[in-house]
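Below is the structure I would like to discuss, written out as structure tokens.
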Amino acid sequence: MNLNFPLLDRPIKISDGTLFVVEDVRVFSSVVQNFYQYEEATDLKLFDDKFQALKSSELMLITDILGFDVNSPTVLKLIYADLENQLNEKPEVKSMIDKLTSTISELIGYELLEHELDLEGDEITILELFKALGIKIETQSDTIFEKLMEILQVYKYLSKKKLLVLINICSYLTKTEIVEILEYISLNNVEVLIVEPRRVDGCIQYILDEDYFLSTEDLV
Amino acid sequence: MNLNFPLLDRPIKISDGTLFVVEDVRVFSSVVQNFYQYEEATDLKLFDDKFQALKSSELMLITDILGFDVNSPTVLKLIYADLENQLNEKPEVKSMIDKLTSTISELIGYELLEHELDLEGDEITILELFKALGIKIETQSDTIFEKLMEILQVYKYLSKKKLLVLINICSYLTKTEIVEILEYISLNNVEVLIVEPRRVDGCIQYILDEDYFLSTEDLV
Amino acid sequence: MNLNFPLLDRPIKISDGTLFVVEDVRVFSSVVQNFYQYEEATDLKLFDDKFQALKSSELMLITDILGFDVNSPTVLKLIYADLENQLNEKPEVKSMIDKLTSTISELIGYELLEHELDLEGDEITILELFKALGIKIETQSDTIFEKLMEILQVYKYLSKKKLLVLINICSYLTKTEIVEILEYISLNNVEVLIVEPRRVDGCIQYILDEDYFLSTEDLV
Amino acid sequence: MNLNFPLLDRPIKISDGTLFVVEDVRVFSSVVQNFYQYEEATDLKLFDDKFQALKSSELMLITDILGFDVNSPTVLKLIYADLENQLNEKPEVKSMIDKLTSTISELIGYELLEHELDLEGDEITILELFKALGIKIETQSDTIFEKLMEILQVYKYLSKKKLLVLINICSYLTKTEIVEILEYISLNNVEVLIVEPRRVDGCIQYILDEDYFLSTEDLV
């Protein structure tokens, strides 16, 4: 994926884990706003190597890590499908669960017969079990770093999203955590752009300085 | 409960299963409409033996047997509570179901641990089991008579409803079925008023004839 | 449109205002139920002269005149479009309303400017005026006959509905009213089937008697 | 309002526009998270001068300026009430608008009479006019600074909110803008806490440094 806007002389190439620092406050503020209004924005462009523009539905923009709900219905649906596949690969566990739910259905079935109303029930599916168990990503005890790692894992699931943009997250992270996150992104080979208002020590990064001059800071 | 409106010389006493025939089409039509707009209606009065008016929320009016949804959320909640009590009286069945669901939770718990995301789940309650089983009153295969019997059973459950009024139902029922319904109502000691446009053979009934004269037809 | 089910020797032809009397209670009850479950029903068939089956979405079935909401969102949308066309044919009235709403917008616009917040507003459209005026079909004061006439008028609007079936309505109507309704249906040339449990004096009608024999009663 | 948590030796007094800088990343991150989970949080305390704890419903926390919807139903309701009062103070404008809407109602009333259905409509109220005009706070063209100013104005409206906490906003603002915002807060005498990860030049601020030592930086 590539990023461009009028102040840049040439597009920035976004690969897995690209850090982009915008030092001028006004420019930073306006870039963030353009990401927010992406699609309507005429100034900020995101496009792949074939110059195909990124659809706004393909962009996952996170400006509020703590406010982001990782347990959205879409994500839960994907997780449940995942768990179902995981179970299908263990026929002996699957069949044991099936037997147990059948026995429960049968036991409750007798109770239905005893009731004065003409009651009916269907089978319990694996998905209904997951729902009844309230399975979801644990987030209550998360630190901001852990929440971010979960967002990255969830992003991998969301196959319709082609670019994850994280805004102003480094204030919440220690250097070790930033490095760990960039490594995770790189290992998983997903496209992530991190937009920051200040240089981040010890990381490869694009820097647009206060004179609108773009440089790349490499590690020595 | 008692029923009164201007054309009646004296109130009609509604006990368990009172049949009220209104032979004049205009009067029948207007009585039905007054039931429909009960509370706002100034003409039609429903009141108990202490002259306390029936609240509109205490009236269960059915003009459309087939359209009536017996599986309303309120009814299902009551049925589930009922089934739970029924189970509580059989500690050995209850504890067996508990053990089975615990085993299921445990088995799925292992799968959660194996998943790359940090997943959590809670216990499955009996109510969640009922929901997963989709327990409800069987109605698909019902005849109109069976549906009506179920409405009567559901009415018994709805403790906030103090009077059930059924409009124009006898066209759908054979004489045997009408008798059976009246017997069921009487046995269960619930207050039900059936309003009809035509005399029903072989039943005790109040008749308001075309001259607005009220008579009672008893069985010989 | 044509109606058929196993007990009939030949299909019944439904034209504008066909009255169909089913004298046997069990058959009447079952026919009504089949209309209710139309589509899933294997027994009752509705089809046009090219043997094309009526879709369930094309059937408008009314078993509960008083409960039927004539002011559904679909109907209101059609009425508003109608009124808008009506206005478009009177350019002088239309332009006067436009001028009046412009003046209102302008007056309120000045108030927006005076407010400390940066407020904005758009134009008022004719549809927004209709909505603000709460335009709808008057039903509160209706008798059952008037409500039925309104249902017939609304049915004409609903171009997707190809057959209106009215169940057991004659108990609520005087003979004059029944005749008036049949005349209205005939004049408007819409397909309506009225299913009744008892013969209706003075009307052309199909009668399926208690021996399952189908006859036609014509006016002399 | 006062803020306290274990690392502080003494509570911080929040008056109109208090800037609180937390230089240690881990502490900053944890303080922000505690604000997010306020109420459940046992560590972070907010309380008034009578040691009365702030209810979570009284806290307005903003971590995502661009994502915050200023045009919530509550805010719009308050704005509409405001505009209505504003109009009530100008009887001549109010009465002119009333006359104009009456004329519109009358004109459309004639159209209703001409329609074949029995249509009815009510009066247009001032609130319905505001709604039809789609009156709301203009935000589309806002910069982040303007959006923030609007959030501050909206906060003044929300009388149930007793403390506004803004997280990590200074990266988006020039020094002039920060000063302007603090002046606006001070002039309007509202309680606002701004929590930042870095010192802000030229502002009075509390600083919790990396050795957990709290100091106050005053202007010289």
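In order of appearance the chains are A, B, C and D, and numbering begins at 1 in each one.
Assume contacts are C-beta pairs under 8 Å (C-beta built on N, C-alpha and C of every residue); 3 or more make two chains touch, one makes a residue touch a chain.
Which protein is which chain? UniProt says A, B, C, D = CRISPR-associated protein Csn2.
None of these values were measured; they are calculated from a predicted model.
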Whole-Å separation of chain centres (CA-atom averages), subunit B against subunit C: 29
For subunit A paired with subunit B, centre-to-centre distance based on mean C-alpha positions, whole Å: 50
Separation of subunit B from subunit D, taking each centre as the mean of its C-alpha atoms, in whole Å: 50
Multi-partner residues of subunit D (each touching 2 or more other chains): none
Topology of the chain contact graph, where touching chains are joined (line, ring, star, complete, other): ring
Set of all touching chain pairs, with the criterion as stated earlier: A-B, A-D, B-C, C-D
Contact set on subunit C toward subunit D in their complex: 79, 82-83, 86-87, 93, 96-97, 100-101, 103-105, 107-108, 110-112, 114-125, 128-138, 146, 150, 153-154
List of subunit B residues in touch with subunit C within their complex: 25-26, 28-30, 32-33, 36, 63-64, 66-67, 143-145, 168, 171-174, 197-198
